[in-house]
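There are two complexes below, and they share subunit A, which is joined by subunit B in the first and by subunit C in the second.
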Partner chain A sequence: MAINLEKISAILQNFVSSTNDVQGAALVTPDGLPLAATLPGGMDEERVSAMSAAMLSLGERIGGELARGSIDRIYVEGNTGYGILTSCSEDAVFLVLASQAAKQGLLLLEIKRAVTELKTLLQ
Partner chain B sequence: MVLDSHEFMTRMARRTNFTPEDRAILQASADWGLEIAPDMADAFYTYMGNDEEMNAILNESEGRIHRLRETFVEWFHEMFTGMDDWGTDYADRRWRIGLIHVRVGIGPQHVVPAMATVVNEVGQRLRSEGKSDELHDALSRICMIDLAFIEQAYLEISTAAVLKETGWTEKLFKRMIATGAAAST
Partner chain C sequence: MEIMRLVVTGPVGAGKSTFIRTISEIEVVDTDRRATDETADLKSSTTVAFDFGRLQFGPDTALHLYGTPGQARFDFMWDILIRKAHAYIMLVAAHRPHEFRYSRRMLAFMRQRSDAPVILGLTHMDLDKAWSQKDILLALGYVKGSQQPPVIVVNPTDQQSTTRAILTLVQYYFTILQAAPHPQVYEASQPCS
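Take a look at the complex of A and B:
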């Protein structure tokens, strides 16, 4: 079955507009290709996608090397906000950008929900 | 990512237009190749000895330069004989030569000028002995194929090391190079 990109885009857009303090999201392949993205203006979708895939993969390698088990997510915490990378099945990486004001627990719950929904579309 | 050396040989032969005629003329001149090989080795190592960095590499261990002179003569002669008609043995041997240079840390900046020296020296010798343009062309082509092997080995081995350590796919790595290169212009 072909991947329903329209539906994936709709989920991302909905996720970004309906989750408090979320500024952007993207779903990218392990090769670093964007499947769908809703990013803040001025961000280069191609570069962000490649870097996201690279980061998750590197994080998984570090996790293995440091005996941290399988990696659930990677956090990039800056002084103006977060970038959170979550593996979304073998075939995709889910990137979420959130502002500093985001409530982490709530955000993680929303990410989990979105990932579950996205996974069914990627099967 | 491990290179299929035989496939690479075939592709380079096609790309450089290394023809059956080239092979025949090289094989017919194999004795001459062996005869001039020691002189070519002299020119090669004199050239490299004049470069501070390469000279240091060459004299790093006892007897290295002596061993290298012998392997150079063999290498040079093999360009004429083609070993197994420039087949799998030839390709494997060229790939191995590439690997050895990568391990010692010798990169394009060293190898390209070194090969240029070989091409230049052989060219002068061909002219002074009144050899044909066809032999000159055939030798230039095989030198470029051999150079391509050493260059490709450098790239493949460096890339393979990065992929192994990061878990990145080859496509992702290429994409990062493309996006990174676009951003730095």
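Take a look at the complex of A and C:
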């Protein structure tokens, strides 16, 4: 069955607009190509995708070689916000950009929900 | 222990990852992912962050080898890696002339960010469709009178061939360093703390 891109885009848009303090989200392939994205203006989809893939691959490398096991997520915490990468099935990586004000617990819960939803569409 | 950082760059499928795998004496840190773009026509997996290999070079020098991704969407990795490089080798597949223009752009990208010495490594020279060295240099924009980097034919799968390429690169680095001790090159030659 073909991947329902419209539905994926809708989930991303919904996620960004309905979750507090989330500024953007993208679903990308592990080799760094965009599948769908809702990003703040001025961010290039291609670059964001490539960076997400590079980061996740290094994280997974650390997980493997430094015996941290399989990687659930990678956290980038800056002084103005977060970038959170979550592995979403074998074929996709989910990136979320959130502001500093975001409540982490809530954010992770919402990400988990979105990932579950996205996974079913990627099968 | 002095550490010298060498970068292996070039378009997709030139042989960067293979090169590092062949010459590294440690198990290479690779970040290969299944290719889903036009890269998939060439090979099944592609580097998405960098390859890292290491080679002991004399009693008190270690070579750290970094391989870049080939696709332009990873140019932030090119940027990160090239700024720290002491010298770099640009691998070009001689039998894929449509990539020469891309290689030229890549070279320009690197040159804008780094004064580090560069050599050209021509791969796939044994194939029928391979261009001659002279023509490739022309295609890469090295016209008569412009200063040409050293050129070497490399087989990335061959231990001896890759070793020769690395030796050439290291020698060229020291030649340049002695000829014109550029402050930036000097600064970069210190091992990173």
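Going forward, the second predicted complex is superposed on the first by the 123 of 123 C-alpha atoms of A that agree within 3 Å, B and C clash if a C-alpha of one lies under 4 Å from a C-alpha of the other, contacts with A are read in each partner's own complex, and residues count from 1 in each chain.
Here is the rule we use: a residue touches a chain if its C-beta (ideal position, glycine included) is under 8 Å from a C-beta of that chain, and two chains touch if they have at least 3 such contacts.
A quick note: this is a predicted structure, and the numbers were derived from the prediction, not measured.
Of the two partner chains placed by the overlay, subunit B and subunit C both lie in contact with A:R61. When both complexes are overlaid on chain A, the residue A:P30 reaches subunit B and subunit C alike. Judged by the touch definition given at the top, the superposed model places A:K112 against neither subunit B nor subunit C. In the three-chain superposition model, subunit A touches both subunit B and subunit C at residues 30-33, 46-47, 50-51, 53-54, 57-58, 61.
Residues of subunit A that touch subunit C in their complex: 29-33, 46-47, 49-51, 53-55, 57-58, 61, 65. Interface residues of subunit A, counted against subunit B in their complex, comprise 30-33, 44, 46-47, 50-51, 53-54, 57-58, 60-61. Here subunit C touches subunit A in the complex through residues 29, 31-37, 39, 46, 48-49, 69, 71, 73-74, 76-77, going by the rule given at the top. By the touch rule above, subunit B contacts subunit A in their complex via residues 165-169, 171-172, 175-176, 179, 183.
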